[in-house]
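Okay, got some structures for you below.
The same chain A turns up in both complexes below, where it pairs with chain B and then with chain C.
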Partner chain A sequence: MWRYTLNRLLQGIVTVWFIATATFLAMHAVPGDPMSGDRAVTPEIRKNLEAKYGLDKPLAEQYVIYLGNLARGDFGISFTQQNREVNDIIREHFPISATLGILAIVFASLGGILWGALTALYRNKLPDIVIMFFVILGISVPSFVFAALGQLALVKLNDFLGFSLLPVAGWGTVSHMLVPSLVLGLGTMAYLTRLMRSSMLEIINSDYLRTAKAKGLPATRIFTRHQLRNAILPVVTVLGPSIAGITTGSFVVESVFAIPGLGRYFVQAVQQLDYTVIMGTTVFFGSFLVLMVIIVDLLYGFIDPRVRVS
Partner chain B sequence: MNEPVSNQDGFNRSAGRQLLLIAVGSVVGITLLMLGLSWASSLAGGARVSKGIDAATGTVTLALADEPPQLDSTRSTDTISSMVLGHVTEGLIKNGEGGKLAPGVAERWEITDTSATFWLRPDARWSDGKPVTAHDFVFAWRKTVDPKTASEYATIFFAIKNAEAINKGQAPVSSLGVRAEGDRILRVELVRPVAYFDKLMVFKSFNPVREDFFNATRGRYGADADTLLYNGPFKITRWVHGSKLRMEKNEFYWAKDRVKVNVLDFAYFSSDPNALINLYKDGKIALAGLNQENLNEALVKRWPINRFQRGSVAYMEFNHRKGRPTANLHLRRAIQLVIDPDEIVYRVIKLPGNVPGRSLFPVWLDGVDAKFREEYPAKRIMPDRVEARRQLALAKKALGVDKIPPLTLLSDDGALGDKLTEYYQETFRRELGLEIRIDKQIFKQRLAKMSAGDFDIVSAGWNPDFPDPLTFADLFASWNSNNRGRYKNPELDRLVAVAQTSTDVRTRMDVFGKIQEILIEDPPMVPTYEPGVVYVVDPRLKGVVRRVAGFDPDYTNVSIGEK
Partner chain C sequence: MASSIPHIETTLDDFAPLAAEQRRQQLSRPSLSYWQDAWIRLRANRRAIVSLYIVIALLLFTLLGPLVWRVDPSAQDLDQVSRPPGAERTVTLAAPYQSWTGDAVLPAAPGLRLAYPANTQSVRLIWDPTPGASAYRIYRNIVPLLAGESLGLPIAQTLTDAETRYEDRLDLRAETYFYTVVALDAAGTEVNARQATSVTPVAVITVEEAVSRGLKVSSEPLKVGDTVRFKLHPLGTDYLGRDMLSRLMHGARVSLFIGIVAPLLFVGFGVAYGSMAGFLGGRVDQIMMRFADFVIALPLLLFMILFKIAFGIGPGQSGILPMIVALVALSWPGTARLVRGQILQVREEGYVNAARLLGARTNYLVLRHMIPNTMGVILVTLTFAVPSAIFTEAFLSFIGMGVAPPTPSWGGMSNEGIKSMLIHPHELLFPAVLISITVLAFNLLGDGLRDALDAKMRSRE
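And then the complex of A and B:
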């Protein structure tokens, strides 16, 4: 087990190095110039700026410096937020994205398992049809539509009640989190529902279920112990990448609800060619994704003993 | 695949019960989890639920478009930082009422062709109680022109003796033509007369910075609320990055009696127009901009709508580099003759506040006694298809082609940009049979292409730095690096040089009038519109000032009144 874990971690480090290198090359290949602004500057000022940010050095040298800093966990100073270290940006804003993401994934996975199990139990009956209709809606409608609708619903609700029940934007208390995290989790919830449904249906006629029924186990016990537990496996598999996806993909929800998460920096940095922030956030999110996949792999062993053996 | 086994219904019912139990359990679990997370993030600091206007505490809650990127005035370039700095710091001179200048840290000043002298008021203080002295200005100005600072606004100092040489690394920083005589007199040596030097002093780069405090912050000046020193009407008391910025009345401000609110709370950072208008509707913020979509709602609800011209000018700039068809005067004139600014503003943009563009010089600029555009009206170009086609024929003849090759129109990726470029494309095709290829780019890429000259026509614009026609007039001077189309007109160059050095109002305005004519006869660009904004303000909030040059919006004089 330890060997397996260590092996996976080493693989993870190589993956992160690859991500860092690919991002570095891609970033410098993108046309455009991080030092340009609305106002043109004189060649001297430009040179001063390039020297200040180390952009006057050859690319190979920049890469070596960058890898060295990366090994020390130092991502440098943002080009656009010129007084802030990328490490500070990540440290201050990632917890907010993570909070939002954790809540969204809790909503998504619980909802997905519940609805998925329901649809499988009532296959081809009314509950199944109704839920699957919403699932298709949830998968096909992009999150910015849900975000805008969610916010509009809040405005109407507060207007109707005559007082502010839930805030329409901002961050800080439980009431700020509820709607954004629901909205953020909707797409994943729909996806997980479908996954759960098909995996439930796959095992509904398996031998072990028949055996369990034959030996007269109570229905509730069969359902929780045998059916649900086995059906959850594929859901857990996609949970890792989903967590990373939700946490990194919250840009739209963050900007609609004015939430100070990391997603905003992640996207804006690319548009503004803020090299240090691009590198910092990409490598950070990359490592996060890799870590999540490793954790899920290890978790798998606990749920399905067969994985541990191999 | 397989049919349900017998007693499936009974199984379903008990499984359903089981599921219900799980559901109830998870709702309880989620509630507990959220309470825990909320407690954790309240430690990290987030927005509280507050009212847009709170008369009891004198608090006004507002939104900022984004996090201010740079509050170190020696390096700051963007408008959001300008707006924040305008509230918490003060230069020698400030904007007063009705577009006039008013004394700031300097109580009086004298500007000649070769020098400027400022007498500082004795009661100007920093937020730690120490006086603002002439040395603080000397330090800030030297810092800005220092090549090591790499300030993008160093050029705005170039009228001061040695500034240009210092910035190029050819002279020591200490040789800058500015010195303190005691604590309260600041003397400036100029290399050429600057007619608008007083207006320039309002610009944030000329604000004071105190040396001992700057050095104590170890390169983090302006990075946080406690690493910036304040001498303006307000001071920042809390700044949670990316989330909120709270300003409170500065008790050490020399004119603190004129500050009528206690707190300006920028509790939301968002540039999403719908989110902002929703916050306004919910009574959370006191001011919000409107876009085309929610303008109608505002009209239906009879909200008091305000409009404001931003002071900038939008135009289509031509590329004059060798081999570009747009270098040909007749082609440029043909395009000029089919662009109808009225149609652009009233049919395409359709938002009040925008004004048809008739000149590079916007309508708000002052002339000798009245507005510049009233004294020197721009020649109005009426859309004229017959004349346009005649010019096009001349262009084809001069270029030696039967058909003008497809022209590349470079534009940005905003929603309005899309609508406008499509309008141009269709108009040029219909009126002139010109084929336009739209090259839509995000901000930095568009800038890169503009600088490299990789376009025929580009939709561009200009935001004024200071309220003088020169900020627009020198845009197309051959030496200006903002002249991305490499337009070159010796007569225009000569006139700009006159305007730069003359201090006589009449002479300068005459020169700007002539420049305006040249820009229409031999167009380097065709003006399209003067952008405006429409916005709603909580009726209880009085005294919000919008400005075309300097920081905007200005909340320094706001008060809370009755509805």
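And then the complex of A and C:
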């Protein structure tokens, strides 16, 4: 187990290093640089600016400095926002994205397990058909449409009630978080429901379930102890990759609901070509995702002892 | 253990060839090839067949549609901006605009009223003076006035109390407007004296405008008072007056091109990579798969954006090529893993060994057993890759990193439509519905194909 953990961590570090290098090379392959903007810059100022950002050094040296800074967790200074450190931006805005993402994951996994179990319980009956219809909808409709519809629904709801029950946009209180995180989790919820349903149905025909029934265990106990617990396992496996999906989904949801999260910052930085912010957030998001996948994989070993053996 | 094998007495006669009739197997029903069998199973799946028709219809829509509906997707029809489908197209011809001196042709009535019949050239309002007022402020609203709610946009303010008329010429359309005039006291604050009315201007253009836009229908010269019809836009227009139907057709080209070409390429590469690893086996296989594991860990969307920047394409520029390159470069490991697994599995199957034992050559083994048995998995991956590629394109265009205007794409159109979704929902609705239908059709088709092609992967229903 320790060897496996160490192996996975090493692999993760290599991946992060590759992401960092690719980001670095991509940024330096771009024709032009952040200084050739709208304002004309005299050669002297240009030289000073290049010295400030370390752009006058040879590429290899810049790369070494960049990796050294990364190892210390220093992502540099934003190009478009005067003297704002990328670290500050991440520190300030990532907690918001994380809160949104965690809520979305909670919604998605609870909803997915609940709906999936229900569809398996009522297989080919009305609840199954209705839920599966919504699941197909959830898989096929892009997240920005959900975000737009969610906001529209909020506007109509507040209009109908005559007062503002839930805010339409912004961030701050719990009421701000509900609808955006629900919208963010919808796609994953649909996917998890489908997975949960098929893994429940797979277990229905298993020997140990038949044994439990033969022993005369009450149906609720069979359902909760034997069926549900075993069916949840595949759902846990895909949680790691779905964190990646939720992270990218948050770019859209944060933009639509005007939530000051890191995703919105990333999109803004991409649109303004703020190189250091793109580099910093890319490496940050990349390492975060890699770490999440590793954690989920390791957790899975604890939940399901059979995995550890293989 | 050898003693447990029953000993059968054989004579030389047992090894003589059989008669021709006895050699032939008796077939109780016509022999079906793998693909014939799969097709029968697919045809029985109604959802999959409907999806197949939808996919074909979408392809026709984008390939043949522009040949039938020859409207330039970037041509702007400024007479009809953000019109929903089925909006009124008739327009009356009016004399050229002449400035207003304050006279009225309509009968006088108390309160805020029209001096002239309202049209989209101008709305001429007059009202009764309020005693003690020093000036008046005029509001215009596009929704009915409610008690306690906003009066709308303050569009003008008179200079003196003597001026009790106002001519509105600001971006008028054939919609209902709700005007309110509020009196102001000497300090310039609003007093509680309001007059309100609602006005629905008639859509008009001048004869010259009609001629210059080619709206003439008969050979007779157009004259004031005639009615003509604006150009037809079956699905309405967007915020720049561009034809939605034509944009959807051309946008589908981008979306479906990326959605089909990128999966074809990366599935192709994945198949080559995976089957090579599977065939070669051993150390090479291990190294190759380790590399695939590494690529799979890279976050796709971040790299898509990096690729685009590395290609030197900033926001506001279209980058279909980098999008495809990035999709191919990062999406192949999934297919490669799957195909390798299949190849390894099929290689060890009993029927492959049996065929080999019967003297089948490698060519035959590959063509007859390996390819058909992995083809199902490959096809299913392909159909599921299409919706995810379309999603990716839509997402990138939505955040402004994909296909840039004026090139239409469904994602980009949704992005534009979302800004005015409360007032003109059709601008968001059509592209969003088309994306959803396409993704849905490919997903259901993929489900159907999986059920038909691969008994092992069959979803339990």
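Keep this in mind: the second predicted complex is superposed on the first by the 284 of 310 C-alpha atoms of A that agree within 3 Å, B and C clash if a C-alpha of one lies under 4 Å from a C-alpha of the other, contacts with A are read in each partner's own complex, and residues count from 1 in each chain.
As a working rule, a residue touches a chain if its C-beta (ideal position, glycine included) is under 8 Å from a C-beta of that chain, and two chains touch if they have at least 3 such contacts.
These figures come from a predicted structure and were not determined experimentally.
K.L.:
For the combined arrangement obtained by superposing on chain A, do chain B and chain C clash, or do they fit?
P.N.:
clash
K.L.:
Considering only the touch criterion stated at the top, classify A:267 as touching first (chain B), second (chain C), both, or neither.
P.N.:
Second partner only.
K.L.:
I'd like to know which partner A:159 touches here: chain B for first, chain C for second, both or neither.
P.N.:
first
K.L.:
Pick one for A:52: touches chain B only (first), chain C only (second), both, or neither.
P.N.:
Touch partner of A:52: chain B, not chain C.
K.L.:
Of chain B and chain C, which one contacts the greater number of residues in chain A?
P.N.:
Here the partner covering more residues of chain A is B.
K.L.:
Classify the contacts of A:103 with the two partner chains as first (chain B alone), second (chain C alone), both, or neither.
P.N.:
So A:103 only meets chain B here.
K.L.:
A:121 in the overlay: touching chain B, chain C, both, or neither? Say first, second, both or neither.
P.N.:
After superposition on chain A, A:121 lies in contact with chain B alone.
K.L.:
In the overlaid three-chain picture, which partner chain does A:87 touch, first (chain B) or second (chain C), both, or neither?
P.N.:
Neither: A:87 stays clear of chain B and chain C.
K.L.:
Under the stated touch criterion, which partner chain does A:62 make contact with: chain B (first), chain C (second), both, or neither?
P.N.:
A:62 sits against neither chain B nor chain C.
K.L.:
One more residue to check, A:175. First (chain B), second (chain C), both or neither?
P.N.:
A:175: touches chain B, not chain C.
K.L.:
Flag for me the stretch of chain C that overlaps chain B after superposition; candidates: 310-318, 328-336 or 436-444.
P.N.:
Residues of chain C that clash with chain B lie in 310-318.
K.L.:
After overlaying the two complexes on chain A, where does the chain B footprint on chain A coincide with the chain C footprint?
P.N.:
In chain A, residues 30-31, 148, 152, 155, 201, 255-256, 271-273 are touched by chain B and also by chain C.
K.L.:
With touch defined as at the start, can you tell me which chain A residues reach chain B in the complex?
P.N.:
Residues 30-34, 36-42, 44-45, 48-49, 51-52, 80-84, 88-89, 92-93, 95-96, 99, 102-103, 106-107, 110, 114, 117-118, 121-123, 148, 151-152, 154-155, 158-159, 164, 167-178, 201, 204-205, 210, 213, 218-220, 222-224, 227, 255-258, 260, 264-265, 271-273 of chain A touch chain B in their complex.
K.L.:
Provide the residue numbers of chain A that touch chain C in the complex, in ascending order.
P.N.:
For this pair, the touching residues of chain A are 11-12, 14-15, 18-19, 22-23, 25-27, 29-31, 124, 136-137, 139-145, 148, 152, 155, 198, 201-202, 244, 247-248, 251-252, 255-256, 267, 270-273, 278, 282, 285-286, 289-290, 293.
K.L.:
Quick check on the complex: what are the chain B residues that touch chain A?
P.N.:
1-2, 4-5, 10-12, 14-19, 22-23, 26, 29-30, 33-35, 37-38, 40-42, 44-49, 63, 67, 69-72, 75, 77, 147-152, 154-155, 167-169, 220-223, 240-243, 267-272, 274-275, 278-279, 281-284, 442-445, 447-449, 451, 463, 480-482, 484
K.L.:
Spell out the part of chain C that touches chain A in their complex, as residue ranges.
P.N.:
Residues in contact with chain A: 293-294, 297-299, 301-303, 305-307, 309-310, 312, 314-315, 387, 391, 394-395, 398-401, 411, 414-415, 418, 421-422, 428, 432, 435-437, 439-440, 443-444, 459-461.
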